[in-house]
Amino acid sequence: MHSSLLIHGSSLPSIPWEERPEGDSSVLWRYSQNPVIGRDAAADTNSIFNSAVVPFRDGFAGVFRCDDTCRRMNIRVGFSKDGISWRIADSPIDFIKASLDIPDSEYKYDPRVVFVEDRYWIVWCNGYHGASIGMGYTFDFETFQQIENPLMPYNRNGVLFPRKIGNNYALLSRPSDSGHTPFGDIFYSESPDMTYWGKHRHVMSPLGSQSLWQSTKIGAGPAPIETKEGWLLFYHGVLNSCNGFVYSFSAALLDLDQPWKVIARARPYLISPQKTYECVGDVPNVAFPCAALTDSDTDRVAVYYGCADTSTGLVFGRIGEIIDFVKQNNAIG
Amino acid sequence: MHSSLLIHGSSLPSIPWEERPEGDSSVLWRYSQNPVIGRDAAADTNSIFNSAVVPFRDGFAGVFRCDDTCRRMNIRVGFSKDGISWRIADSPIDFIKASLDIPDSEYKYDPRVVFVEDRYWIVWCNGYHGASIGMGYTFDFETFQQIENPLMPYNRNGVLFPRKIGNNYALLSRPSDSGHTPFGDIFYSESPDMTYWGKHRHVMSPLGSQSLWQSTKIGAGPAPIETKEGWLLFYHGVLNSCNGFVYSFSAALLDLDQPWKVIARARPYLISPQKTYECVGDVPNVAFPCAALTDSDTDRVAVYYGCADTSTGLVFGRIGEIIDFVKQNNAIG
Amino acid sequence: MHSSLLIHGSSLPSIPWEERPEGDSSVLWRYSQNPVIGRDAAADTNSIFNSAVVPFRDGFAGVFRCDDTCRRMNIRVGFSKDGISWRIADSPIDFIKASLDIPDSEYKYDPRVVFVEDRYWIVWCNGYHGASIGMGYTFDFETFQQIENPLMPYNRNGVLFPRKIGNNYALLSRPSDSGHTPFGDIFYSESPDMTYWGKHRHVMSPLGSQSLWQSTKIGAGPAPIETKEGWLLFYHGVLNSCNGFVYSFSAALLDLDQPWKVIARARPYLISPQKTYECVGDVPNVAFPCAALTDSDTDRVAVYYGCADTSTGLVFGRIGEIIDFVKQNNAIG
Amino acid sequence: MHSSLLIHGSSLPSIPWEERPEGDSSVLWRYSQNPVIGRDAAADTNSIFNSAVVPFRDGFAGVFRCDDTCRRMNIRVGFSKDGISWRIADSPIDFIKASLDIPDSEYKYDPRVVFVEDRYWIVWCNGYHGASIGMGYTFDFETFQQIENPLMPYNRNGVLFPRKIGNNYALLSRPSDSGHTPFGDIFYSESPDMTYWGKHRHVMSPLGSQSLWQSTKIGAGPAPIETKEGWLLFYHGVLNSCNGFVYSFSAALLDLDQPWKVIARARPYLISPQKTYECVGDVPNVAFPCAALTDSDTDRVAVYYGCADTSTGLVFGRIGEIIDFVKQNNAIG
Amino acid sequence: MHSSLLIHGSSLPSIPWEERPEGDSSVLWRYSQNPVIGRDAAADTNSIFNSAVVPFRDGFAGVFRCDDTCRRMNIRVGFSKDGISWRIADSPIDFIKASLDIPDSEYKYDPRVVFVEDRYWIVWCNGYHGASIGMGYTFDFETFQQIENPLMPYNRNGVLFPRKIGNNYALLSRPSDSGHTPFGDIFYSESPDMTYWGKHRHVMSPLGSQSLWQSTKIGAGPAPIETKEGWLLFYHGVLNSCNGFVYSFSAALLDLDQPWKVIARARPYLISPQKTYECVGDVPNVAFPCAALTDSDTDRVAVYYGCADTSTGLVFGRIGEIIDFVKQNNAIG
Amino acid sequence: MHSSLLIHGSSLPSIPWEERPEGDSSVLWRYSQNPVIGRDAAADTNSIFNSAVVPFRDGFAGVFRCDDTCRRMNIRVGFSKDGISWRIADSPIDFIKASLDIPDSEYKYDPRVVFVEDRYWIVWCNGYHGASIGMGYTFDFETFQQIENPLMPYNRNGVLFPRKIGNNYALLSRPSDSGHTPFGDIFYSESPDMTYWGKHRHVMSPLGSQSLWQSTKIGAGPAPIETKEGWLLFYHGVLNSCNGFVYSFSAALLDLDQPWKVIARARPYLISPQKTYECVGDVPNVAFPCAALTDSDTDRVAVYYGCADTSTGLVFGRIGEIIDFVKQNNAIG
C-alpha cells in the first residue's frame, strides 16, 4: 500500500468482481447473476438479505439476516471462498453474554460487521422494549460475545466506524419510533470503552423536495470507508409513496476527524429498486446496503444489499468514481 | 374406508393432483400450471380468487369470488369435471330469501362452501352496515337460499364445521372493524338451528415475534378437516410490513369435541407469497386459502387459494405430513 | 292501572321527583341537588356513574359503575329507600358462573338492569378479547349469576327490552371496534333462550349534518319504556369535536312489535353537557343515560345519567311531553 | 371534416396506431410494444410517465413528467415524428414568469397540454405551500411562459377544456389535501382571462360499492374530447386496498354547454393495472391517463398513460365504441 | 376626523366600553359581565358564539353563529342599541340566490360582516362538498343575497378587507382539509368583481417553537382595521395539546397597499383561554375573535370573540397600545 | 439523624406544611391554598407548573417551567423563604456551555433539580431534533452550566438519583417519540462522568387493565427519595380517554443498590385530577409531580406538582404511610 492510494485500507485481490458492462455508464453496476444469495440459500429460510460481509482469513465471513419460515428475524453466520457462493449456518448465532444483565432480545435483524483494532464487531437491530441497537464481537466467527446495548431505545441502523476517532470508538445510528417510523436522521455518538456513549451529534437529515428518494428517512449502510477525501458513507433513503416505503441508496463524504460534518452528499441515488428481484418480494421496492468490500490497490468496491427484503444483491464500483459522483452532485451548501 | 385411515371423510379418487416434484421437500407443493383459474376465466371479470370448491355429483362445484370490471365484489357458481378446468357463471348467484327481513347485502366476497348433513352451506362476507357474515345454502347449486346473518357486524372469514359438534352447528369467525382491520382473532360459536348463535369461545390469537407472518391477524381458511388427530384447520395469517399486509397460510389442529381448544399450531407458514402470481396483482403478496378437497383413501389434499387477490392457485399435500409438520413445529405450550 | 294510561308499566309513587322549576320550559329538567351520587359516595372509588337503577321491594336497587382508585372499571350493587340516597357496596359484584367455559372478563362497565319475566337481568360491557356484551341475572340483588356472552366482540351498550317480543327475548346493542370507536349504529337481536342469539336487525344510524350532536355514533341508554305510542328509547349520541367526543342524549319511538322499525326520532338533544359537573371531570362533556324509572299513574319519569364519567345525575320529565317532543322534532321521513 | 363525424376535432392521419388484436374484445387495447416510453428514455431519469402529448407541426410535441435520479419531480419537453419514438430534453422546462410575484414551485408534476385558441397551455401540479395547480403556455415548445396559479392550494389534476365554454376558459380540477389524499371529487371552474377564476361547480364524486375501482377518489385525465354526444372525459379512479392505492381509468360524457352536468359515466374501468409494467414499478398498480390524440376522420383515439409511476403506456380505441360503452354501462340515474 | 388619528375609520361614540380595571396591565381587558351573550340568549339555541357585529343605523346589527339543539350550525341576524344587549332572531337567515347554480350549503358557521363601499358583506364557512367560503350581502339586515362561493373547497375563515386594495376587492382565507385540519396558513386573494378571484398570495404561516400558541394553524379574525401603521389584523392561532386544540388570539400589521406583506406580528398572544367561560363549554379552551368595533376619535376597540364554542365574550383595548404591542413583540425578521 | 429514621436524608424543619384535615383519610392531602403558585406569579407568564424545588441555604430555590405568553416553554430560577411564597425570575435561565458543540435547544421544559455530591444538577426536556434530555448544573443558582445531552433523542422525564449508585451517576428516563407519545416505560442508565452513559436497564412498564390510570405511559416524577425500605419514587401515569390524556400520580419502591428492580408499586393512584385547578386549564386533567421535599426527623414530605399544565399545586404526606400504601396495594408479583 502506498500513500497515493485513495482508499485507506487493505488490499483485497480476491474481492468479488465483474467489470462494468459495455455501454453501461452507471456509477454502480449490478452483478449479472443477482441475486447473489437467494431467499432459500440456507436451511429453513424465508429470506436472506441485509447481509454483512467482511474479509476473513483466506476468504470471507459474514453475518446474515435470515428470516425463517415463521418470519422470525434472526442473524446467522456464513462463510465463502469467493464472496459469491456462501455456506450459511442452519441456525442463528448463539451469543455469550458477559453479564446476565445484558438485555435479551426477542429478535435480531439488519446486522453490520466491522473490524476495529483487534476483533470483528457486530451491530444489529435488537428487540429490547422495541427496536434498539445490539452489539457484540467475535475474533473467529465461531464464538460470539454480546455486550451492552450502546444506546437507548428506539434506534436502528447502528454502524461502527472501522477505527477510533480521536481516541474514542464512533458509531452512527438512527433514532426511530416503535413502529414503521415515518422519519429518521443519522446521528453520531462516541465512546471511550464501547459501553458508555455520549457526545451525540446530528449528522444528516432527510432532504426535502430536492431529493425525494431520501425525503422520509435515511440511515447508514455499510461501515464508512476511509479515503483520502473523507469517510465515504453509503446510506439508504426512503420515499413514502402512496403505496408504501421505497428504499434506495447513495453516498456521502464525512470529515475524517469530525465525522458529523458532512463534506458532500449526493443528491441522486446510486441504486433504486428497478429490477424484478428488487421490486417484487416480501417488501416490494427495497434496495438496502449493509456491507462493502474494498480493494485499496485497485480502488474497487463491492456492495452487498438487501433486495425486496427477500434476497441479497451485489453491485460493483470504483471508489474514485463514486467520490466524484458525490462531489459533482453535492446536495450540501 | 377402514378405521386406520387418517382422514374422517370420503374417498375422492378424482381429486385434482400432481405428485411432489422431485427434489422438492416442501410440505405443500404448487400446481405446475398455476394459476389454475386466471383472472379473466369468466365473463366480465377483473379477478377470480378466494374460491370455494366441493365435490359435487360426478365432478366438482364451487362458489367463486368474481370481482367484475367495476371491481364490484360478488360470488358466482361454477362447475368442473376435474377441479382444474372450470365453467364459471356469467353473473352472480341470485339468492332467494326466506323473509324480506333478511338483510340485503351491498356486496358479497370470500365465500366458503361446506356440506353439512343434507345440503351445501355457503358462508361469505356480506355487506350489512359494514363487513358481516352472510349465510345461505343450496341442494343442487342451481337454487340458492339466503338465511339470517348468523352474527353481528363487524365480522369476516366465517367457516362452518362439516358436521355438528355436540348437537349444534359450529362456526369459526373473525370479529373485525369497519376498515382494513389491523387485528383479528379466530372465535368459535354454536347454534342449535342455524339462526340463533351463542356460546362464543376464543380459539386463537395472532402470534407475536415468534411467528411474524401471523403477527397482525389470522382467520380460518377452508372448512376444518376431520382427522384422527383432531380438526385440521388451514388458516391465513397477516404480517404488516411497511408496504402493507402480507398474507401467508399454515395449519393447526383443534380438539374434535371442543374445537376452541388448540392441540397444535404450526409456527412456520406452509405457503407464503413467493411466485409472481402471488406477489403481483391487485393486492400484492397474498396467498389466501378458502377450500380443501381430500381423499381419505390416499391421504391426499388439494387446497385452493387466492393469489394476490387476482387469480386462484392450487397446492397439493398429504394430510399425514401436514399433521406431522404442525406437531413438529408446534407454537403451543 | 287503567287503559287510558300512556305508560304500559307499574305504579311507582315513590319515584324520586322534583317539579319543573318555574320559568323553565325544558322537556327534561335537572335535579337541583345534582350530582345525585358523587364520585366518592362509596369506599375507594374514583368515580360512580352510568348507574342502573330499578324499583326493588319497598325501595330501589341498582348496579353502579364504580371505577376504583386504580381506575379499574367494575360494577357494584347498591340500595336506596328513595332513589336519592344510596348505600353502595365496598367491592364489585361477584358473579357465579353456570359453567367454567363462560368467558371471564378483565373489567366490567356501563351496566343496565332490566326486569324481564321473573328476574333482574344485568347487561354490561365485558372485557373478553376486547369490548363485548356481558350478561347475568339476580333475583334478590344478593346472589348474581353470569351466563354466556350473547354476542361476538366487539360490542358495547347492550340493553334488554323489559318483555319478550314475539316469544323471544330482545336486545339492543352497538357493534364497535377495539378502541374509542369513531362510528356506531344501534342493532336489534333476538333469542329464544338468552343463550343463542340471531335475527340481527339494523335500527338506527348516526345522523349527518341535520343533527350534529348525534353525528359520530349513537347507543341505547336505559331499557326501552313501553308506551301506547311505541317503545320510548332514550339514547346517547356523540359529536366528535376538535377537542374530543361530546356525549348528549335524546329519545326515539320504536314499533312495539317490530322494534327495529323507528316510528319517530328526535332531531334535537334533550340534555347536552352544560353544567359544570357534566363538563368537568375525568372525561369532559359527557351526559350518558343508563336507567329510567317511571310511574304509570302519573306519567312521570326519572332518568339517571353519567356526568363527565365521574358522577351520576338525575333528570325528570313526563312521558307524554317527551313523546310529543320526539314526534314534533322527528328526524325520520 | 363533415358534419356526420362523431369527434368535433381535426384530422390526424399520423396518429400512432395498431389495430385491435384478433380475438380481443376489449374496448381499449394496449400497444404491443408497451411501455412506449421507458423509464430511462432521457438523460438522468428515474422514470418518465404521466405524459402529455399533442399534435405539433408535422409531428408531435409533449410535456413529460421526468423524475430524475434524485426522484425530484419536474417536467420536460419532447418531440416525435410518429408519437412512438421520442426525443426528450435533458433538463426541465425553464418557464419565464410575467411577474416576480408568480409563485415559485418546488417541483412540477403530472402535466397536461391543451391547445386553446392560439397557443398550447400547460397545466401541472405545482408545489406552492403544498400541491397546487400551475399554469403556463407556449406557442412553439421552445419558449414557455408561466402565469398565476389559477386556484388555491391544495389541488391536483387540473385540465383545461380545448375551447372556451360560453366565452370563458374552463378548467377541471380536484381539490385535495397536503398528503396522499384519501378522497377527491372533480370540479369545474371558469375564467374570463386565465387569471381570475370562479363559478366553481361540482362535477363528479367517487362511487361507492357499485364501482369500487373508483371508490376512493377520481380525477380528470386528458383534456376532454368534444364529440356529438358531449365531452368525452377519460378519468382515473382509485381503490384503496389494504396494500395501498390502485389507479385504473375509464370515461364519462359531460354536457357540451354545461360540462359540470354528467350525461353518462361508465361503471366499469376501461383499463386497470394488469400488465407487469403497470403492476411493478416505483408505485405498483397505477394506470394514469394524461393525454389523448384523436383523428376525427376515422374516429380513432390513442391514450397515453402512466404505468406504475415509472414508464408511459399507450392504448388504442375508437371514440364511437367508447361512447357506446359509457352509455351501456352508465352509473348515472 | 382629523389626520392625526391613528384609525382610518369612523367615529363610534356609542362603542360598548369599560375602562381598564385598576392594576391591570393587560393590553386587552375582558368585559366584567362576560359572557356578553349567553348560550341560550335566543330561541332554541345550544350556543351563540363567533359573532359578527357592525355599527348599523343608530345602533348595531350582527350576524351570529347559533347552533340549535340539534347542534346544527347556522347564522342568524340580531340587533342591539348598545352592543351589549341583543335581540337575536328565532331562525337562520334566509338568503336569496341570484342564480340557482349558486351552491347550496348544508350548514353555515363562523360569519364575518364587513361594510365595503355600499353594503354589508357577509362571509361564512359554507358546507359545499366540505368546508368552503360562502359569500352574501345585505343593505338593511332584512333582505340577504347570496352570491358565488369565491374560492374552491376546502377553506375556512374568509374575511374581506373593508375597502378595495388597488381597485380590487381583497379577501383573506385559510385553505384547510375536510376534517379538523391540523395545519393552516393565511392567504390573500383579489377580485375585480366579487365573483372571479385570483392573485393568491401567501401571508402568514403558523410559527414554530418560538410561539407555540400559534404553532398548529392560524386564521384571520375580524376584518382588518385600517390604521396609519398598516392593516391591524386580529387573528387566532391553535396549539395542539395532548388533550386537543387550544385557540388563542393576537394581532399583526399588514402593509396597506400589499397586505400579503407582514410588517409586524406579535409573538405573544393577547388573549388565551383562561376564564371558566373560555375553558369550559362545548369545545374547551377556545377564544376565537370574529368582529371588532372601533372609534377613531378615541382610538378605542371592542372585540367580540367566541368562548369555548358556547358563548360570546367581549374585550376592550386601544389601537395605539395594540400596535405598540405588536411592534415591540414582533416575530418577523 | 439516627438510624431508626425512615428517610435517609437531612432534617428540614422549615418544610412547607399543613396537617391532614380532620376526617380526611387520604394518604396525600392537598394544600388548602392551592394552587400554591398561580399561572401569572411571574412576569409575562402564561403558566407556571412542573416546578422543581430544593432546599437552598436558609430557604429554598427552584427551577420552574414558565411558559410565556407566546406559549414558549422555558425554565426560570426562583427563590423562597418558606416554599410557599416565591420570587421567580423575569426571564429564562441563561446556561453557559462548556463547548460550542453542546447541542442548542429550541425550548426547555419539565425540569427536575437534584443535589448530587457537590452541586445542584438540573435535568429537563431539551429540544434537539425532537424531545431529548438536557443536563446542566449550578452551585449557587446564579451561574448555570450546560453539559452534553446524556441520551439520544427522543426522550423525556429524565431524573437523577441524589447519590451515585455503585460509583456511577444514575438517571431515570422515558424514551418517547417525536409527538404526544401514546406509550412510555421508565428506564435506568448509568455514567461514570456525567458525559458518557450506558448500562441501560428497563425499570417499569405501564400496567394493563389492573390499573388503568397508568395504562398508557408512565414517567418518573421527583428525584427518588432514599429510605430504609428502598428508593421511594413518585411517578406519573397516563390514561388515554376519548377526550385525551389524563395524568395522575402514585409511588413505587426501587431496590437501593439495583434501582431497576422494583420492590413494590402501588396499583391505585395517590392523586388524580379532581379539583377545578387540576381539571380546567391549558391541558385539562393533569396532575404531574416534579419535586419533593422531605424532613427526615419527622418523616414528612411535600410534593410539588403541575396542575392542568397551568399552575403548581402542593400536597403533603408522611413517608411511612406512603410506603405502607405502596406495599399494601402492590401491583408487583
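Side notes on the structure shown:
In this document, chain identifiers A, B, C, D, E and F correspond to the written order of the chains, with residue numbering beginning at 1 in each.
Criterion: a contact is a pair of C-beta atoms (placed from the backbone, for glycine too) under 8 Å apart; a residue touches a chain by one contact, two chains touch by 3 or more.
Quick caveat, the model's predicted, so the values are computed rather than measured.
Listed by label, the chains that touch chain D and also chain E number zero. The chains that touch both chain A and chain B are D. Just to note, of A-D and A-F, the chains joined by more C-beta pairs in contact are A-F. Of all residue numbers used at the contact between chain C and chain E, under half are used by both chains, marking a mostly different-residue interface.
These two copies of the sequence, chain C and chain F, are related by a rotation of 120 degrees on CA atoms, to the nearest 5. Averaging C-alpha coordinates per chain and comparing to chain C, the farthest chain turns out to be A.
By residue number, over half of the contacts seen at D-E repeat in one listed pair from E-F, A-B or A-F, namely A-F. Averaging C-alpha coordinates per chain and comparing to chain D, the farthest chain turns out to be F.
Distance between chain centres (mean CA atoms), chain B to chain C: 40 Å. Chain B and chain F have Cα centroids lying 56 Å from one another. With touch defined as above, residues shared between interfaces to two or more other chains in chain F number as follows: 243-244, 280, 284-285.
Each chain pair that touches appears in this list: A-B, A-D, A-F, B-C, B-D, C-E, C-F, D-E, E-F. Against chain C, the residues of chain B that register as touching in their complex are 101, 103, 128-130, 148-155, 173, 175, 177-178, 183, 185, 187, 189-193, 195-202, 205.
Across the complex, chain C is touched by residues 39, 44, 46, 67-73, 106-107, 127, 180, 243-245, 280-285, 309 of chain E.
Interface residues of chain D, counted against chain B in their complex, comprise 208-213, 215, 239, 241-244, 246, 248, 267-269, 272, 274, 276, 279-280, 284-285.
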